[in-house]
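Each chain carries a letter (A, B, C and D) given by its place in the written order, and its residues are counted from 1.
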Amino acid sequence: MSGAKRSTEAQPGDAPSTSYSVDELVVSRLAAELADDDQVLNGLSSFVPVCAIELARRTHAPGLVWVAGGTGVSPSHPRMTASTFEWPLWDSALMYVDVATELWDWVADPRRFRTFFAGAAQLDAFGNANISVVGDYHRPRVRLSGTAGLADMSVLDKRIVYVVTDHDPRTLVERVDFRSGVGFLDGYGERARRGLGGGPALVVTNLAVFDFAPSSQRMRLRTVHAGHTVDDVLAATGFVPVIADDVTVTPAPTVAQVALLRDEIDPEGYRRRGFPAR
Amino acid sequence: MPDKVMTAAEAVGLIRDGDVVGLQAGPTQCAPMSLVRALVRAGRRDLHAVSLSGSMALDWLATSGALTRLTTAAVTMESYGMCRQVRRAVESGVVGFEELSETALLARLGAAARGLPFLPTRGMLGSDLLSVGNAHLAVIDDPFGGPPVVACQALRPDVALLHAHRADADGNVAVDPGPRHPMTTLLPRASDRVVVSVEEIVDADTLREHPEQTILPSFAVDAVVLAPYGAHPTSLFPRYDYDAAAFQAWVDASRDPADAEAFLASYVHGPATHDDYLALVGADRLSALTMERAS
Amino acid sequence: MSGAKRSTEAQPGDAPSTSYSVDELVVSRLAAELADDDQVLNGLSSFVPVCAIELARRTHAPGLVWVAGGTGVSPSHPRMTASTFEWPLWDSALMYVDVATELWDWVADPRRFRTFFAGAAQLDAFGNANISVVGDYHRPRVRLSGTAGLADMSVLDKRIVYVVTDHDPRTLVERVDFRSGVGFLDGYGERARRGLGGGPALVVTNLAVFDFAPSSQRMRLRTVHAGHTVDDVLAATGFVPVIADDVTVTPAPTVAQVALLRDEIDPEGYRRRGFPAR
Amino acid sequence: MPDKVMTAAEAVGLIRDGDVVGLQAGPTQCAPMSLVRALVRAGRRDLHAVSLSGSMALDWLATSGALTRLTTAAVTMESYGMCRQVRRAVESGVVGFEELSETALLARLGAAARGLPFLPTRGMLGSDLLSVGNAHLAVIDDPFGGPPVVACQALRPDVALLHAHRADADGNVAVDPGPRHPMTTLLPRASDRVVVSVEEIVDADTLREHPEQTILPSFAVDAVVLAPYGAHPTSLFPRYDYDAAAFQAWVDASRDPADAEAFLASYVHGPATHDDYLALVGADRLSALTMERAS
């Protein structure tokens, strides 16, 4: 793996696919956020992130270290299974990791594990995320699963990339009911003033891709997926995002990426879970 | 040294109404389900469960009415979703829910294990986990002039419940090579009493052949319960996989509280012993979950 | 081991030995401090404590758990070697212990590891111990090895049993130059007032055995080894200890104990190191 | 991934004058002696060594004049006694000595590893370790009303030096089953840069056969140095024992500073490479130290 080299010449597989589904687009977009010299771990039920990690490892980032399910270091290329937190991911690992000591120590180092993929039940204009409660904490209208590691990870100096498979006004909201994951708080530098580095970097949804505007730190529309318009996206968003001057179409996955996903990484299509049926 | 082997019914006798019960349990992994079934059958009440990212066990305890309080970082059955019975119990106010970040929960247990009043974490700063009146968390200054941290008060479970691969009668517990759940060794160190169910009971000389596989010494263990497939329907790697059909059956049943109670009547209250439970599940199904053993 | 039962009838080996050396007496006296349902660990260069632990395991305390060198749990009965912190002690262990996490956690529990054997370069009237410096800390006249775990262990709710192989006025002093190990501080309840449980329980030297007087918490002479007098002991002690009303002769090791030590546990006589040559 | 295999001379190039250097080293065990020899030969100065209970390596560094400061819980060669050269350097004021209790040293490193400003311990309360002006220790109150604890400020070594059984070229490091030194995994997690010498270099697939033996992942390691018998004269279990004759030779030499320097000239400065050192020690002596390998 470490000896893998890619040709710099253009290959036929590098051409944009003309026949891909939205899950493949999202996976491809996420994979682009992973660097060859970085490390990454996946959380629970992370079909789309795990596909992106594995796609990156098989293409531009063969040196990427993946701590599968926070537990098994760089398994030999596993096929996606019905769980992203189980033995098939760990079976061929280089090392088993102790989460309580080793993993959280390594993650605490700002040089490592630069990018973390997360989902959320609600995500707000400033990139704060809710996976705890809808309504009152003590007597919630909806009790969600809980923060797991996000309330740790999102406080550290990391790039958090949020993955939203159901972009709608109930998911993308002006203000979350509860901040389980710490974004830019109320924006305008509040996060940095509290001494926190990093923060939410990107939001990749089933409709579009956002980053965060430098000054206000509000979510900013950057690209819209082919087949959708800016107006579609705004109508599906529960707040008014900043709109970049140069909103473009999200780059399509390549032919090779789509083939890898369908034939090798996730032939069963687990990555489609959570996306709206079409 | 006293022989610590006992039945599950005897072992859950170490748990009293009102106890704080720590559970080793991943979303679909290595939960001491045989002990949890015995605990439900024993009719304990007012339990405070502590689990890093527990799943079906918590849902069963909530269904049985045993649960009053829960301290956790996440309640999830991974791709099977949130635990509906826990959700209902929390939303109706029957069960109190203390949500902590993962490092905060590990810090609360770690402080108890080390006999410290607290351990700090950098997590949660800026999150609403610090703004809901949790009296076990306090933002404190660094005495050396660095950034503030969150002090997490020691949380000492009365009893820890675990499942592992093997033990001897003295209570030395060992596991096969493989990933270890973060709670497996920390939780018993933090807890007053420790109950471990195991796939097999071996003699001490067998353990001496692989001291690196022993994870708990005899003095840290109060009860050893023989329970082959004792984690079922969760997995115990590398011996057997989780039972996807059983997870789905529970998810389906838990859509309706009455169905959930019927499920519990069949699968938890019905079989009086672990052997009865295994007979109910059936040898074919268990065999299908069993993985080829590494040499 | 756990099934071992001892007959309650008197055995010939239970008779007091009439031919023992002072190291055997000290080992025997220490072994009596270990309970069958307890746990014990040894520190560095602990020939006498290790002999005592092993003697206890082979006689009245077969259930005693020994974490050899803080590392290997209950090795099968090893012979003493030139190091009490090396592989021969760990080879046949039931478990390897991680000192940084597991050992210090278990030791923190007041129910466990009730008794700890320690040595010291200086030990004072209130059971404070010095293994750090003679003279000024920053520019010492003599730099000693350092506290290792004693500054932790002696603060916890434990019974510390000090072993002194060279009882003389420079070792047993009115006040130590430096408190590496915390005893009763200045006595008269100061330790308890600081919220600390436990403390020094016993001092076993090559001349005598001391405990601590209840009220003053000064060292108190309890038994004198055969062949020595109270006056000998006082002359060799650098402070005036309390003297118990009923100072007796230290019980001799049994015939069986001496045989076990000489024939099985420590045939090479490593336990004699540190005792004055006779 | 970059190939991290390099010579000892190249690897100690990662250490600069004035660095804080963490050493994995027991009294007679598992010290990275080959790396320490290279460090002495490289003529580094003003080093601050951090060692839990180090021994001969510290004495050599003190003899060579590389050492300015030492943070430790104990300096000892076990039955061979205190390190005389460290003692002389401290008594003469050449080397500053920060003495910590064992839990305090582990807390200082643990805080660095976790990115925390401090970690607490209950140790040292009442001892004079708290009354000598150590600015890295502070007694603080428990915010929950419990007893005070000692906050131990994070100590982050610039470089960690270790010796282990094997690694691959990417820097994944593995050890044989056996006891692990408390510093082996904590020290590298606490340190900025990590240099590991190993008995053998293997490929990654060999490591995948026993993932439970891998103790450090590639990203936590900056340099891998091949050095069979690289811990000599200390032991590396279960492969070879410590060299009692070499320990005694050093103890004898260190009775007189001039003899100690002559020893260093012969055994450290003399052999330019590790192979030269092994030739000097001799195959017979190494073979006599080698233990029968478990199957």
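Brief remarks follow.
The rule is short, and it goes like this: a residue touches a chain if its C-beta (ideal position, glycine included) is under 8 Å from a C-beta of that chain, and two chains touch if they have at least 3 such contacts.
All values reported here derive from a predicted model rather than from experimental measurement.
Chain pairs C-D and A-D differ in how many C-beta pairs are in contact, and the one with more is C-D.
Per-chain CA centroids place subunit A at a distance of 29 Å from subunit B. Inter-chain spacing, taken between the CA centroids of subunit A and subunit D, is 40 Å. The mean-CA centres of subunit A and subunit C are about 58 angstrom from one another, to the nearest whole unit. Shown for subunit B are the residues in touch with two or more other chains, namely 114-116, 121-122, 147, 178, 211-212.
Within subunit C, residues 72, 90, 93, 96-97, 101, 104, 108, 156 each touch two or more of the remaining chains. All chain pairs that count as touching, in label order, are A-B, A-D, B-C, B-D, C-D.
Per the touch definition, subunit D reaches subunit B in the complex via residues 114-122, 135-136, 138, 140, 142-144, 146-147, 149, 151, 153, 177-178, 210-212.
Interface of subunit B with subunit C (complex): residues 1, 3, 113-116, 169-170, 172, 185, 189, 204, 207-208, 211-212, 214-220. On the subunit B side of its complex with subunit A, the touching residues are 26-29, 53, 72-76, 78-79, 82, 86-87, 90-91, 93, 96-97, 99-104, 106, 110, 121-129, 132, 147, 178-180, 182, 186, 235, 237-238, 241-242, 244, 291. By the touch criterion stated above, subunit C contacts subunit B in their complex at residues 1-2, 37, 39, 62-63, 65, 67, 72-74, 76, 90, 92-97, 101-102, 104-106, 108-110, 112, 156.
Interface residues of subunit A, counted against subunit B in their complex, comprise 44-45, 47, 71-72, 82-87, 90-91, 93, 96-100, 104, 108, 132, 137-152, 154-156, 178-182, 185, 191, 194-196, 273.
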